[in-house]
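As structure tokens, here come the structures.
Below are two complexes that have chain A in common, paired first with chain B and then with chain C.
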Partner chain A sequence: MRLSEADLDHLLEGALFTSCSVSHEWCEELRDTALEYMRAGAPGPELLDISAFEDTDLIATIGFVNKGQPVTELRPVGDEFVTCLELLAEAVGRPVRGIMPLAGGNANVLLAMAISVQTGLPVVDADPMGRIFPLVNQTVFTLAGLPVGPVAAAGALGESAVLQISRPERADHVLRSLADEFGGWVATASYPMDAATAATSALLGSLSQLISIGSLLRSPLPSAQKHAALRRLAGVKQVVRAEVAQAGWHAHPSLPGQVKFPSQVILNDLAQGRVVQLQVENEILMLMIDGSVRASMPDIITLMDPESGAVLSLEHLWPGNVVDVVVLPAAPAWYTPEGLALAGPEAFGLGTHRREGRR
Partner chain B sequence: MNRRSHEQVDLAALLEAPAVAGLRAEYLAQAATRVESVALVSSIDDVTTVRADTLVVVADDPGLGPWMISAALRYAWERRASGLVVAQDRISDVEKALAERLDVSLLGSSAEASKVAIELAMRLGVAKAGQLSSVHQFGRRIASARSVDEALRIVAGELDGASARLESAEGLPLAPRQGKHDHQAPEERTLVSVPLHPRNADGQRVSVEVWPHEAPYAERVLEATAPVLSALVLEAQLRAMRDSLPALSLPALTGGRRPWELTAPTPGEAKAAQGAPGQDPVADAHLAVCILAKHRKRVGAAVHQRWLKCAPATPLARTSDGWIAFVPSATPAEHGRFARALRLAFAEEPLPDVSIGYSRHRDTPGEAASELSEAWLAARVADAQPLCFDSVTAGVLHRVLPADLARELVTKLLPELMADPGRDELVESVLAFLDSKGSVSGAARLLGVHRNTVQTRVRRAEELGVDLSAPDSVLPMHLLLRGVRPEVPETTL
Partner chain C sequence: MRIGVHLGNERVALVSIDDGGQVCTELVEGSPSDNGQQLDLLADGLKRLVRTWKAGQSGAQVRRITFDVGTLLDAGMAGARQRPPAEAGATPVLVRIAPRPPADRAHELRNSAPGLQRAQIHHLFGGHSAVGEELAPLDLGGATELARRISPGQRIVVTAVGSLTNPQHELAVGKALLDGGQPTEVSYSHAYFSTSFAARERTAMLNSSLTETTARFATELAALCRELFPLARPLVSTNDGGSTSLSRLSVSPVHSLASSPAAKIVGASAHLGHREGKLLIDDPHQPLLGQLLDGLPVVGSRYSPTEVGLIASRGALSWSVPDATLAQWSGPRVHVTSPEAVCALGAACAPVTEWVNTMSTIKTHEEFTAALRMAENRAHARLVSLGYAPSSVRTAESRAEAATFGHPNIVAIRVRAVVDGLPTHLATSPDPPTLASQQGA
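Take a look at the complex of A and B:
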């Protein structure tokens, strides 16, 4: 289906909901880029079910990979992903027929829409993460044993590269190094595969669900009704309403071979006075209440405004603010032993703590 | 309060001077915290496996994220650990707030975790040994107490003057409270209470109010005190019971006459006794019981124990050769009920050389002396079973000719009779004939048979050796045959 401007707004809201991050600015900018093309006469991005593709159609996954440098600091020229897709097609020997975002949340979702409008390539209603993860190899494609490469990469300064990488975990290291060299970030096109393969391994329907979630969040429904509707739609649970007491935004120096500690935000549960702790690093990694782990990676932990039910960013975690902390489950593949090994608490240095309600 | 017999050390006591080097209490739980053991863990998850009342020392690990201390506190709370010791620099306001919220003691250590754990474990061992010694010494002191009041004073003294008291099952004080009661801060004290009898948690209790950190030791002290107090209480009760017995003696009752000289009062004497206070020491309708014992002191406790089963409200009065008692008995039914209860109480396990007799039912009061005489005579004649004066003649027979002797004699003297197939009918007929003073018709009526039948059987018995011809032989033969087939009449109950 062709997405309208309203769909893009909903998609933006949904993408921000599943990836509580520091700022919404870059996502909004990418949405605006798509809108700009549309208002200039280009058709809106086409979102297609995987079944709409031929089995042998080449599907590529696109996304930004950065090395600590926000993309907004060094803005894209606009042709980086076009370059990547061309390079990837050349490396594979076939044209790319469809694209999907590298992550099912945050900027890469809107990126896919902008690229779709720009290139006319349809977007597959799917993604390989179902949420946002920090590493390129943290995808269901890795769990399925699919190769990440060849990977095409391009920077804002016109430099590009095609990487023949077989091990997904190596891809993240190499691309980040490349991002460092390319100015802080790099556009990538990776995980080239047939539509038939994508049909059995990608998380299908994830983008249309984001649109549904966003539509709910942007509706005029009262906050309580939004929560109820989100629970029915996506299993979203409102865990606690709390006031931020202390925000320890600090970076712990990492030791060799060890994951650096996330920042910690302390809140007070308004209803019961419980001590709420959020461990945050780019996104919320873990939620603890009175010392008990209530949610942790790969659960999606995000924030909503108690009054309006709107999505909040990490910028709202400042002393005195009241937020609703909500949790929704990630795709089932992430709760398998292999999924937890790749993207569970231990992968983020959070240990193997027992989580209440989940064995 | 959970009663456990093993050593208990309080966390506050463990941390007392001299302070453990490098250890600082960031938060101490409000409730008294026992420490049973010390555990050194290297992983937060290990906290989930510690036993209750364990002081957990977490080895410092650079990879220990701040949330891990929170998780460790939570686990410590779930496992009811005594507290958590972590590196001092891992503790921030969050951990202190969480420790306070969960009421789990949190201590910061600037020394190496293993050293802290070893020092705490050593202190724990010393404290436990010290407690054992203290309780042992206290046990010797409390054993010397000669009264309940003295025992409570010793308890109060051991617990720094804490208020100690003995209460009944209903919470009523059984002895004056000892020690000082702190009216100024009663809500801060902890009540430690221990039952006197381990199997009767709802019975009498000894209690003391102490500061929370003293509660574990106080419980040990009371556990050592309970058996001593129990014995003192029973002793006091027995003494009170004895002191409350009426000043009754046979001479006072009998006016100096010996028991067998006592007779029923004349109507004039009885009338004079009624309504004349002091004339008869026992008012209202009653029955007298006399218990004779060859070894009174040896069987005294056993007699009292059995007596309490049938007449708990009536004390026994001690005499030179036993005990007597006057049991209220207004009607024959009451008399019968008491007689049954008396039999049951003393028949279960008969006491050696103890015989019991009781008087007949009387409709009128004022005959205590006569009743006592009956009870004494019945006791003289009774064997293992309590005997009513009503049945004293049957008892006399047992005294004169025991059943086993009678059987032996008859077998020897009347072998043909004993060998006869109709022996039982022949003996019954002869006894009925003798009971009827030689009347065949009377015997026939007794047995419910024709007089000819009786006549035939008596003749047959004579043929088999039963000699009823000479007057001198009738009584002995009567006694012998009665001994063979004793018929102790059942008292009508």
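Take a look at the complex of A and C:
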């Protein structure tokens, strides 16, 4: 399926919905890059079901890995991912036939579309996270025991590297260090695998679901109807409508491979006067109401505007603002013991908290 | 006594507030086609105000006069967009400093702001990392060569990667352009706080397109003030609902482009005495919802003017109000009969404001606290240096701003300091025109 400009807008909205973060600009600039190519005459990105590939077609996962410099500041010049895909193909010994985003939320989703338009490579309707996680190794591929490498990396300064790494957790360490040296971020192509392997291990259909979610969010439906439709489509639950009382953003150094000391936002439940707490570190990690955990990693916790049902960012958490806090479940793989060990509350320094009524 | 002036497209509104909180309003009708006519209308209105005071035997001295020019600036921009490019004025020349130039046109992101499609864009090697370290040596030779190639009389905007943390490359290129060429103006993106290269560049472009007009206008407004109220401090309203020295209108008019909606929020809240929470301003032309926190409009770090992308200027948050919300609203509401007068009241009430936005490198919580205190002291010191008593200055906001996937040792600090001094109770003059009727919660 060729995506149109409208599809890209829906995809953007869906990608922001599943990854509540500070700023939407990074995603918008990547969408704009895809649009620039399309308006110059290039066909739109091609989104394909995995069954459209031959079993032995090589699929690569692409994504940014950051260390300090926003991509909106040190902007890609446009050859980084092309270089990565060429290096990876050389390392593996055959050409890449399809790409998928490293995360099923936020910028890497739009990145895949921009690279598809630029290179002509189709995007597999799948991803290895089903949401966004901060670390490269927090993927279902890791859970399946698949190797992360070889990994190709390229930076905005024109430097590149091929890493022969098999352990995904080591890949995150090394790539963060490279990102630091390469100027603040690094473009990566990783988890090379046959389409047959991707068919059994990736989270299939995730990108088309984002388009559906985004299309719903951008519709003129009243907020209540949007909530109902999102519940039917993706199991989204509106947990609480609350007014922000206090937002304390903290900056604490974090160790490589770990996230620590999340920031805390306190809200007041408008209906019942309960105390609502959000723990935030890049995205919302945990939701507590009157001290009880109502949702935590790997659940997807996000924000919507109560009036319009539009997606909100963390920037909307200013004192006095009223937001709808909604929760949707992550992919089932993340609720297994192995999945929780890799991406559950303990992996984020949240202790052994479990939300009520865990599935 | 303080005076607020709203310069609108159809009328000039003037509001005075004396130390007892007594409010007087004057409206001067007219559809001025240029700034000269605007000034004539303004002078007319000011003289009528003075006559009113004399009739009421008010001998109060005017201490400050604040101009809200947002509506005029916005109308000017809208007019420029509708004119053919050749008539609308030259788009600034853009100089982008980065470790490498874009590999293709798509990565120049020419659709990210109006005017970029036809802009001259020149690339120079250079730029800094998030911690201020050089990513690539600056191509100063290229800058010198560029200075010779750019036609005289151009406005130039210089944007460098990492200039928020280290502006050296922008300044060096700017100097080379000024020394080796004859530009009308060189603007620097690091004057605008944003971690987005595009947002800073866009803001500098927008500001550059406004300065030619506003420089002259600000001078003429200042002259009028000196003539009529020689002891008054001339101020201009800003996008955050505050105010700053009128002289800044010549330098950074972009920070006054959205001042009118912000002034409307401040004026409505002052009229109602509402200091916290949402407030519906029931303007028959454009109902608006604003939000107050401790008497000040809540402010975002960026805002988006019509047809322009997000720009790096702090704007008072406001929302348009659908009919359904208007009908169902049960919170505080001000029914506005004269939107211009509400804006003028807002201008009169707007506190003088200083912001400090900075990126700080920290390793411990103690360093973070120290960086915050330093920013607060800087904001206070700026206001005191403008002549305001230290006891009248307070910190309205002091916090770190969240940053995603950023460097763990770098935090964005945001501090707002304001000068208080508004009477705690306003009494609207019983004479028409009525400013607004009110419905409280």
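In the analysis below, the second predicted complex is superposed on the first by the 349 of 359 C-alpha atoms of A that agree within 3 Å, B and C clash if a C-alpha of one lies under 4 Å from a C-alpha of the other, contacts with A are read in each partner's own complex, and residues count from 1 in each chain.
We take it that contacts are C-beta pairs under 8 Å (C-beta built on N, C-alpha and C of every residue); 3 or more make two chains touch, one makes a residue touch a chain.
Just so it is clear, the model here is predicted, and its values are computed rather than measured.
After alignment on the shared chain A, the placement of chain B and chain C results in a side-by-side fit free of clashes.
In the superposition on chain A, A:R2 contacts neither chain B nor chain C.
Between chain B and chain C, C contacts the larger number of chain A residues. Vectors from the Cα centre of chain A to those of chain B and chain C enclose 100° in the overlay, to the nearest 10.
Contacts of A:Q264 after superposition on the shared chain: chain B is touched, whereas chain C is not. Touch criterion met: A:V280 reaches chain C, while chain B stays clear of it.
Between chain B and chain C, the shortest distance over C-alpha atoms in the superposed arrangement works out to 14 Å.
Residues 98-107, 109-112, 127, 129-131, 135-136, 161-162, 164, 195-199, 276-278, 291-293, 298, 300-301, 310, 319, 322, 325, 362-363, 365, 368, 399-411 of chain C touch chain A in their complex. Interface of chain A with chain B (complex): residues 246, 255, 258, 261-262, 264, 266, 273-275, 277, 279, 286, 288, 290-293, 349-354.
The residues of chain A lying in touch with chain C in their complex are 21-23, 25, 29, 32-33, 35-37, 39-40, 66-70, 72-79, 118, 134, 156-158, 183-184, 247-254, 263, 280, 282, 307, 314-315, 318-321. Chain contact summary for the complex, chain B toward chain A: residues 44-45, 48, 62-63, 65-68, 70-75, 77, 93-94, 97-98, 101-102.
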